[in-house]
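What follows is subunit A paired twice: with subunit B in the first complex and subunit C in the second.
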Partner chain A sequence: MARYALQRILLALPLLFGLSLLVFFYVRIIPGDPVTAMLGVQANPDLVARLRAQYGFDEPILDQYLMWLGNVLQGDFGISFRSRQAVAPIIVDRIPATLQLMLGGLFVSLVVAIPFGIRAGMKYRQRSDTVISTITLVGLGSPGFWLGTILMVIFALVLKWLPSQGYTPFTQDPVASIRYMILPSVAIGLVGAPFLVRVVRSTVVEIMKEPFVPYADARGLREQVIFWRYIIRNLLPQFVVVLGVLVGALLAGSVAIEALFNWPGMGRIFIGAVTERDYAMIQALILVYGVIFVVINLIAEIAQAALDPRIRLK
Partner chain B sequence: MHERTSATGSREPDAPVLEVTDLAVEFMTRSGPIRVVEEVAFRVRPGEIVGLVGESGSGKTVTMMSVLRLVPPPGRITAGRIIVDGTDVRSLSRDGMRGLRGSAVALIPPDATAALNPVVKVGDQVMEGVRSHRPQVSEAEARTLALEMFRRVGLPRPEQRLRRYPHELSGGMQQRVLIASALQMAPRLILADEPTTALDVTIQAQILRLLLAVRDEFGTAILFVTHDLAAVAEICDRVLVMYSGRLVESAPVADLFGQPLHPYTRALMASIPPLSADPPDRLQTVAGAPPEPGSWPEGCRFAPRCDLRTQLGGPDVCTTSQPPLVEVRPGHHAACHFATSEAGVRAATDLAATVEEAEAVVLPESVQPGGAA
Partner chain C sequence: MNVIRRLWRIRSARVGVVLAVLLLTTAILGPMLLPLDPNAIDVRARFAGPSTAHWLGTDDLGRDTFTRLVHGSRMSLFIAALSALLGTLLGVTLGVITGFLGGWVDVAGMRVVDLFFAIPTLLVAIGIVALFGPSATTTILALGIAYTPLYARLVRGTVVSVRSRTYVDASRVLGARGVRLLRTDILPGIVPIALVQTTALLGFALVDEASLGFLGLGVQPPDASWGQMINAGRQFIFQAPWLTLIPGFAVILAVFSINLIGDGLRDALDPRASQRVGDT
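Now for the complex of A and B:
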């Protein structure tokens, strides 16, 4: 088991390296020059040249990459072109808000998707499955910002139950913090839930087809034993892996939701950074999102191995 | 929980452990019910090993699963009585049925690898059977019982085996685990559904011998469903032959192989490859394919494939009237209009000689039941 975990961790390193390459070069491929973006198209060519030299844009691209990577490894993500401030502290300030929203969204997804997914899978092609699957299909086609807007109109504007905008750190005032996070969490969670319902449903259907389920019945095992030990226990290893993927989807969804609910997470500065071609900021944000995603999936894979003895062997 | 009389209970000792009368099973489809089993009737006496043979789709597994009331949907038992050890299975409640399954009647499934829960240690899986049926049994007692059963089925180093996951055991050992699991509740009847098909030939022999040993030691009756006539010859006391959802022949094993009365049984036997030095250029098969349920022919269902009928010049009675299963000789039943015709008897005697030769070499004597699989 420890060997498997170590192996997975070592395999994650080249993945992170690949991520750094992608992040760095992806930003260079986007048309438009940051200096032009800063100074405008009619800027003095001398000034442009000076600034390019100052930021190192006239160096060979490989040197630029190595310099950037070296700095990143030391926690230096560069200076924002827009605010002229160091990028790293800005992002670090915003990570807790994004993580809080992600956990809220994850919670909503799980609470909605687990019971309905299992129910649909166990009642495969029966009425409750048809109802759940139809609603799921509608959910899959509903974008987060649209859902979020609807929620906001109903619960904030009409019913006035919850605030539509804003944020309070959890450590400062937990109750207010939770009140603020409910609507955006539900919006994100409901985007992830249909995906999770589908995966749980099809996994349960597959498990129910395994000969060990009817055989457990033929042994006269109690229904609770069959449910927990046969169905749920076999669902878990595959479920944790899907959770890793789901976190990625929630992170992606959170960008739009943060903007919509004025939630001071990474997503909000991300949108600003993209429109302003704030290279250093874009790079740093993609990298942080990527690392969160890789780490979560690494944990999911190790958890899967802990839950499924057949994987540990490999 | 379901109460049952023990082997030495108040009922007469020779009363059958399983009595099936006029069983019919139908599959409910959109275009109406399709019969897959009908008029099946047989008995299994205590300590008896009864083979139930037939081609795929003949209804043998459906018949066997009916005993546990576990015919897979959309199948449904629509008629007949199934009496297990004095209990009418069809009248049992849900809980009563669960009490019977794995307790008075245990199943040994065809593919042990697929039947074991891949993420739970085999010891825990065996123990959960006892603990489900008798909640008052402690974990420690269940473990002791499981250990004892592992020993009895010849699993080497049973303490270690208990802690293994299914994928860490060979196919033969997995099948032994399932047999141990089946035995721990001291069932009166074991339903063995092709218990050796997923195994290597040498392991098959070991498992067959183990089943024999189980019968001898525990006095458990076994209904042995298979399409392997060689295995039947090796361990069964009596044989039931099924074709297209009906029993076509039923006889003590020696009588069946000595004088098979039904043309289908003979065709099955003729398709066993001879074990002589020179293998035949072509393997013999039963000509044609069995009819699909729902499109069974009028009269005898085997008539279209029957070579006896061809020999006799295609008598009309075969395609107009269904031959009933009648006692042709003492203890030997067959469902053929011409079971005792001259041509039929000649065919039976000719075949018997070949089969006797094959039977002698089916299992090498050196294979012992206690060995590791």
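Now for the complex of A and C:
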């Protein structure tokens, strides 16, 4: 198991290296050059030259990359094109809020999707499957921010049960923090849920076709025993890997949800940076999003192998 | 033809096709038939509720919501279609080249694809919008490029498996090489998967266009698209909730119809799986 985990981690390293290359060259393919993009074409040529030198755009490209990578590995992600402040501390401040939203969304997705997915899979092509699958198809087309808007109107403005926008750190006031996170978490969780329902359903359908299920049935095991010992046990490993993919969808969805609920996560500064063309910030954020995604998928893969010996022994 | 007939036999797919035809007709003919200008401002009629003059009411500038919705449907469907097409072209090209040539081209191509997998699709798209500035054209470009990696990986996998089928070997023995082998044997083999995948992309693109529009990174005002309308209506959610709700319903309806068709296509193309709605 440890060997498998180590092997997975080593395989992720080139990916992270490639990601750093991608993000590095991202800023270099800007039409024109980043400093002109930042200051506008009428900028003072002296200032442009000075900033170019300051950001290192005049050095050979390999030197630039090595210098940049060295800095990144030491936690220095460069200086914002706009505020002229270091980018890293600004992002680090925002990570907890985004992760909290992810966890909330993941929780909602799971709670909604698992029971319905299993139900639909076990009642394959029967009435409850048709109902669940149709609702799922409608859900797949519902943008999260739109669901969020509706939730906000109903629960915050009409019923006044929950605050409409804002954030309190969990460490400061857990109760208030959870009250703030309910609506955005539900909104983002409902984006992931339909996708998850479909995966759980088709996995359960596949498992039901495995020879051990009719065999267990033939042995006279009770339906409940079959359910827990065979269906759930085989669903779990498949499921963990899907979680990795789900997190990607939730990360992407979080950008709009954060904007809607005024949630101070990475998505807020991402949109700000894109509107202001703050490429240093965009670059750093894409890298951080990518690393979070890669690491979560890595954990999912290792967890899958831990749950399913067939995978690590293959 | 056989596929279309089989698709039509699936009830849910039939519903999807009818909905899609209705939406397409609205998007194509609607703007020509409606008397009002989608950008005509009438400050005296701000936030009017539904009436005979304004079927779905008006927005903050007194513009007719129904007219904007219809014009917006043209924009949104156009963007979705072109970005799905771009994603398909790029994905199929990349997938066929890597899968067919194999060797270092395959390894290099797939490593690049892997990289993009490390970043969620919408974030790739937003990154591309940041390079070119928000507009309808950028939205198409950004979404098309963002969908390419997944598509390329899928096509590559299919090409690799088709390449080793016996009928391809037979063709080789008969002397088919290169482009000819590709055209007569390999490409027909990936058509079913490409059809299903492109249909799926249409659905993704509609939701993603709405997301970009919502974030102010898509179609720019005064032009209407569904995403742009949701974004514009958001500020007035208490005064005029329909400004947000209606374009949202339009997105859901369109994606629902596309997914019904997509699921139907999958079944129609795969005779072994006689399954219905909602299979992954």
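Heads up, the rule we're going with is that the second predicted complex is superposed on the first by the 306 of 314 C-alpha atoms of A that agree within 3 Å, B and C clash if a C-alpha of one lies under 4 Å from a C-alpha of the other, contacts with A are read in each partner's own complex, and residues count from 1 in each chain.
Heads up, the rule we're going with is that a contact is a pair of C-beta atoms (placed from the backbone, for glycine too) under 8 Å apart; a residue touches a chain by one contact, two chains touch by 3 or more.
Predicted model, so just to flag it, every value in this text is computed and none were measured.
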Partner chain in contact with A:R201 - subunit B first, subunit C second, else both or neither: second
First, second, both or neither for A:I269, with subunit B first and subunit C second: neither
Which superposed partner A:I286 touches (first subunit B, second subunit C, both, neither): second
First, second, both or neither for A:S142, with subunit B first and subunit C second: second
Residue contacts on subunit A - larger count, subunit B or subunit C: C
First, second, both or neither for A:A113, with subunit B first and subunit C second: neither
Residues on subunit A lying within both footprints (that of subunit B and that of subunit C): none
Residues on subunit C engaged by subunit A in the complex (per definition of touch): 12, 111-112, 114-116, 118-123, 126-127, 129-132, 203, 206-207, 210-211, 214-217, 230, 234, 237-238, 241, 244-245, 248, 251-256, 258-260, 263, 275-280
Of subunit B, residues touching subunit A in the complex: 68, 70, 72, 98-103, 106-107, 109, 111, 114-120, 128-129, 132-133, 165, 167-168, 181
Residues on subunit A engaged by subunit B in the complex (per definition of touch): 210-212, 214-222, 225, 229-230, 233-234, 237, 307-310, 313
Residues on subunit A engaged by subunit C in the complex (per definition of touch): 14-16, 18-19, 21-22, 26, 29-31, 120, 125, 129-130, 132-134, 136-138, 140-143, 145-146, 149-150, 152-153, 157, 198-199, 201-202, 205, 248-249, 251-253, 255-256, 259-260, 270-271, 273-275, 277, 279, 282, 286, 289-290, 293-294
